[in-house]
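Consider the two complexes below, in which subunit A is the common component and subunit B and subunit C are the respective partners.
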Partner chain A sequence: MSAPPALRQAPGFLLQVALTLLGLLAVTFFIGRVVPIDPVLAVVGDQAPKDVYEAVKRELGLDQTLWVQFVIYVQKMAAGDFGQSLVTNRPVLQDIARVFPATLELATLATLVGVLVGVPMGVAGAVWQNRWPDQIVRVVGLVGYSMPIFWLGIIGLLVFYGMLGWVNGPGRLGVFFEDMVPVVTGVILIDAAIAGEWEVLRNAVGHVMLPSAVLGYFSVAYIARMTRSFMLEQLNQEYVITARAKGVSEARIIWVHTLRNVAVPLVTVIALSYARLLEGAVLTETVFAWPGLGRYLTTALLAADMNAVLGATLVVGAIFVGINLLSDLLYRLLDPRSK
Partner chain B sequence: MQEQAQNPGQVPADGMGVSADCSDTPVISKRALLSAGGALLAAAALPVSRPARAETPRTALVIAAQIDDLVAFDPHHSFEVTGSDALKNIYDQLFAIDETKSTAQLVPGLAESFTLSDEGRTFTFRIRQGVRFHSGNALTAADVAYSLRRPLLINRTPAFMYRSVGLTKENVEQNVRQAGDFEVRVTFDRAYAPSLIQNLFTATIASVVDSRLVQQNAGEDMGNTWLNRNSAGSGAYRLTRYQPNESYMLDRNDSWWRGRANLQRVIVRHVPEAATQRLLLERGDVDVARSLTPTDIAALRGRQGITIQEFPRGTIQYFCANKGDALLANAKVVDALKHLVDYESIANNLLPGQVFPHQSFIPRAILGEVDSRPWRFDPVRARRLLAEAGHPNGIRLTMDTANSFPSLDVAQALQASFAKGGVTLEVLPATGAQVLAKVRARNHQLFIGIWGLGYPDPHYNADSFAHNPPGQANPGKLTWRNNWEIPALSARTEAAMRERDQNARAAIYRQIQEEFMNTSPFAVFAQQQVQVAVRSNLSGYMASSPGLSAIYWRANKA
Partner chain C sequence: MSSWRATLLSDAPGSRREAKLGQIYRGWLQFRRNRLALLGLVIVVALMLVAAFAPWIATHGPYDQNLSQRLLPPGAKGHWLGTDEFGRDIFSRLVYGARVTLYIVVLVALIVAPIGLIIGTASGYIGGWIDAALMRITDIFLAFPSLILALAFVAALGPGIENAVIAIALTSWPPYARIARAETLTIRHSDYISVARIQGAGTGRILFRHVMPLCVSSLTVRVTLDMAGIILTAAGLGFLGLGAQPPMAEWGAMVSAGRRYILDQWWVATIPGIAIFVVSLAFNLLGDGLRDVLDPRQKR
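What follows is the complex of A and B.
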């Protein structure tokens, strides 16, 4: 028996992934070296005498040609050494292991909100096209596209935290709850549940609700509009007329027949939206003091902390590759033709 | 780093491309409506946790601040104010600045007293007995000698402060000697003013670390990595938790030799957005909002339960003109620019409460300060000076600035006030690191920046604003970066460094500054102060002090 096709394609696919990541690394690396920022100064400071400066320059390998520097860097990375961050004085990998779960938590919840609210809204908009539910979907979508997220975040904080007190404030946890549960996954909601610390979990839920809802709103706007247009297309297909003629209930036509066909392109839309959120949402993270990947990358960029920038960029690249792969797999599951 | 979840480019035009046959749209059944509504409701009914109307515990001080510039917790590595704010509360230094006075006045720290050798180069410090580190280890002269050598041996940014008084990696073993159980002898390359050495030894870099504990955790870098996450001090608090870019927590040292601190715990949390800090304070989730904008302060003023406090800090704001530029080499042009700064308006309208007018390079409260402010906003005079310099139709200039508050904001204000004198200013914002590289290479015309005092002594600033020994490339000095050739003034700055009489020393700095204000290519226009909002039940917290750092140990709650 020969290996299944997926397995036979695996080596080619892996090569493709490796080349993509290498290309990403190369672009980031050379841009990082071309910008007029001196990484030596970031280490030794502004006042260092020439000999100290030169010594550190040699230590960092910056006296080598760019190509040699790049080869050395890739070799180290392949061995799992992403170097040390200048800002945190910790290994970059350790930093990412800390900030990525924070982003993962936020992005996953936001995407959930986006799917759970956005898909029904899109369906409603298509089914009642140009009637009031559709108008609501349109307005929600329009506001979602045009409202700056930091403004929405601050207003959300002001109303739900400052005035009503329904949610907890910024940050992932209240200061007095920090470090109360052992880190297993880094996702506090899961770690707290594993440890059985329900107080911590409650506190964490109170903290994550608002930022994930704000971020989720933007997913809702996007997913609802895409669902609506996919649905409209399907509702005019002949199989729908056939189903109606056969007396199939309207609900069944919409939620079973049509939505299944919509699911295929929708998966791509949701996956893309999820991948974007996983890069880290800098403004949301800033407003909510959320220590995620986006803010880590921004802080590193502003501090000319190139090891951290390269490491985080590679992670973002890997996420995109991973999510693409995942949506490909889902495609195959959902679309019988691709089997 | 896309912020939004969607790319508008991918959105199909609403309704277009879809069948226009709307009448065909089926009327939906009640059941379908209910199931759709159900999904919506389920999503909306997320579990709601019920936060208590928050109030921080009586025994803890909780501060919301921007601490993402905090790079190092090793006191011999740290070079940011944010780091000093924490480290001065964790470590003791040989000398201290009396935090209860409004000007910087020296008091003994771990050194009870000192004697000077006849030629004045060797200081013998008598170390306080009976002091214990947080670990329980007794503090001795061995710890002091180790701590004085270590900054040069690990050679991180602040080591330049010790190099400026002649200590080097090579000679420090020889020049810093333990002379007894409680005596340490330090020999400098010249006979410096005792006040200079004492002030230098109040700095964070002069923190005394628990040498036994550090050596146990030395690793390959003399404990640098370890000390960046742990503390080994003898001060008011010890570090119990630190997450870079997130928060740090300090717990009280109950047996501090200066007397126990009032509050048991200090938590400083990184909250990057000022509006968020304000909400946290209003809700009572923090006691102090450390980095508010003038707008936030104005909104909070007079609010019940909240008090606004101001603390001067040793940071000045200035812009400088590169004399290597053909236009700016002319002193009249530079004078014209100095007449085009609206000094009062910057302090009163642009940055109210965040700065006060100041025109010399030694900040107020530091030895040698002068209060004179010779420059006034005078566009008419500026135009005349430009005409005399041969530019009756005005000039065009560029100004480099970091793209952050406050420099960028002031640069924009200067754009407006310069225009009134016929100077067209183009502002070139970039990241701090980029601007620094450009200015160090002397490729700028005008540069606007802020300058913080590293230790509470006039020499620290004089060294950069009024010292440029001829024939040396000194990219660290502001004078060199602006091609300001001042052999005579440099000699006086060196003399001030060695003047043993404190009053005579202050007098030299006052003369240097008068000349600096009149002739330099620098326009110092303001000194910063920290403006914080605190809960009214908090007393004694100092966001800054004449010793240049925050003080937590006096804080108390009603």
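What follows is the complex of A and C.
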């Protein structure tokens, strides 16, 4: 079994993760300190007498050395205390928990698009190397790496909403459908299905289609490109020649023999693209007025709401680390060589 | 075959300079065969020319408002790409926007490549705990999606084009450090490095004179390929209102401003977006071509 070596590696692995998380905290702490806004003034206002100012400064722990402040900061963050948001007047963590399902919904659907379209496309590109399917993969990839995602979103709105009317406009739901289903998971598609509100579900699908397709396009570009190169590598292996010599059908060679070997690195790629979609989500959510983490972050930015900005940054960073970790673990589990 | 060409392609170059020039010429011959890369080069050169001669190419000033001529469609008299919500000529703003784009890209590259080069080579050559510490720091920066980290930096520094450049630079150096380190690790045990050390060269001298020059070609490829990403990030920041501030003619900000009119006056947002796309596509094509010539190992 794989458990013993995996267990032996675990302490080093965990230490690495802990160090990275500590590093994330150090970066956000540093950014928080660079801000030219005096946090004391933000609390007391610039009319406050000197003793009040000093008292608040002591209360906030700002009279301590930087090291002590950092330790306090780490303790607070570890306890889940991200501070209050200036805009919503609620704890930042609570805000993030509320908006995150929307982003999750978008990123998951986009990844689904990426896998369902990207993998077959990449396989086709490798099988028909340098023929037209391969050229399509190449063009899709190049465009994906060169296209501003926010612009693609706007054009999508213009064409599919404005001109064709195939999809619903910005936002997650039409105004009439707001608050019609009780929040269970926060993912409207699931909540509506649980409540049995099919009209709401239809409306929500109409809203989510375009943003997830736009975001998914970038996932397709990346996944197709990587699938193609993994497949090409495998198709040149000797076992493929052996299988062909034995008379195994080409379809079986591609979909059973090679794809199984490609699956392992592909899991990593898919996990990474999922993490990268979080980034793309910031711009997509702005275009589509999608009330997720990305839009929360940008709204907070424009309002100079630093607690919210740093909290959201930290959450995204932690998710990034988490997904990387997960893909690493999956790789070890799936790849028999690492046992 | 003309004589200079014969000299360039000769197998027995007469001098060091001839050998060097010959190498470049051969690289160019190989590069020239890649039509798409050549197209990319043409577009990038065109971008530079447009930026350099903006005042002569633009038909209007980038800030000239004329409210009686606002939101004119492309092909309108005197404004062949139309006008925006203040009646400013979109074509002229695009032309001046080329300057902003180039400014950002060049500055970021100038900041990032040397930082990555120094950190990466030092890390790889010195090794030990310095290597471990530096690589850990790179990992931390790589753990953030770069746009998100850039957003946080901009939030701290305040919006503006200089701060956008700093933020992008702060978030994009780690891959360069990684590449330079990997390159250094393969050459640090070469004989010529040992010779230099035995001759009494110090660490600094070995790094600057003997290690860094060999990392330059793979870094050049990476910089060119990254240009597209830098352009997109900068445009994204501009789009979010955190990069170049109005009324500056920055393409991302122009898309953002035109977004409000998208359903009725599509051109205001569409045209600057096409400019961003074309330029980053050009950098991608150019980078792919350069990679095949300078760094065939990385071929995808």
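As a working rule, the second predicted complex is superposed on the first by the 278 of 339 C-alpha atoms of A that agree within 3 Å, B and C clash if a C-alpha of one lies under 4 Å from a C-alpha of the other, contacts with A are read in each partner's own complex, and residues count from 1 in each chain.
The rule we apply is simple: a residue touches a chain if its C-beta (ideal position, glycine included) is under 8 Å from a C-beta of that chain, and two chains touch if they have at least 3 such contacts.
Given the structure is predicted, the values throughout are model-derived calculations rather than measurements.
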Mind checking the superposed model to see whether subunit B and subunit C fit together on subunit A or clash? clash
Is A:331 in contact with subunit B, with subunit C, with both, or with neither (first, second, both, neither)? neither
In the overlaid three-chain picture, which partner chain does A:278 touch, first (subunit B) or second (subunit C), both, or neither? second
Could you look at A:299 and tell me whether it touches subunit B, subunit C, both or neither (first, second, both, neither)? first
Which partner chains sit in contact with A:127 here, subunit B, subunit C, both or neither? Use first/second/both/neither. first
On subunit A, which partner touches more residues: subunit B or subunit C? B
After lining up the shared chain so the two structures overlap, which partner does A:70 touch, if you call subunit B first and subunit C second: first, second, both or neither? neither
Mind working out whether A:31 is in touch with subunit B, subunit C, both or neither, as first, second, both or neither? second
Regarding the shared-chain residue A:151, is it in contact with subunit B (first), subunit C (second), both, or neither? second
Please work out whether A:168 is in contact with subunit B alone, subunit C alone, both, or neither, and reply first, second, both or neither. first
Using the superposition on A, tell me which residues of subunit A are in contact with subunit B and, in the other complex, with subunit C. 35-36, 145, 149-150, 154, 157-158, 162, 225, 229, 276, 279, 282-283, 286-287, 297-298, 301-302, 304
How about subunit C: which of its residues touch subunit A in the complex? 136-137, 139-141, 143-149, 151-158, 228-229, 232, 235-236, 239-242, 252, 255-256, 259, 262-263, 266, 269-270, 273, 276-277, 280-281, 283-285, 300
Seen from subunit A, its contact residues with subunit B in the complex are 35-38, 41-42, 44-50, 52, 86-90, 95, 98, 110, 113-114, 116-117, 119-121, 123-124, 127-130, 138, 144-145, 149-150, 154, 157-158, 161-162, 165-171, 174-176, 178-179, 202-203, 205-206, 209, 213, 215, 218-219, 221-222, 225-226, 229, 232-233, 235-236, 244, 249-251, 253-255, 272-273, 276-277, 279-284, 286-289, 291, 294-299, 301-304
Listed in rising order, the residues of subunit A that touch subunit C in the complex are 19-20, 23-24, 26-28, 31-32, 34-36, 142-143, 145-151, 154-155, 157-158, 162, 225, 229, 275-276, 278-279, 282-283, 286-287, 297-298, 300-302, 304, 306, 309-310, 313, 316-317, 320-321, 324
Tell me, which parts of subunit B touch subunit A in their complex? 1-8, 11-12, 14-15, 17-19, 21-22, 24-29, 31-32, 35-36, 39-40, 42-44, 46-51, 53-54, 57, 62, 68-69, 71-72, 79, 155-160, 163, 225, 228, 241, 243-247, 267, 269-273, 275-276, 279-280, 282-283, 285, 431-434, 436-438, 440, 473, 476
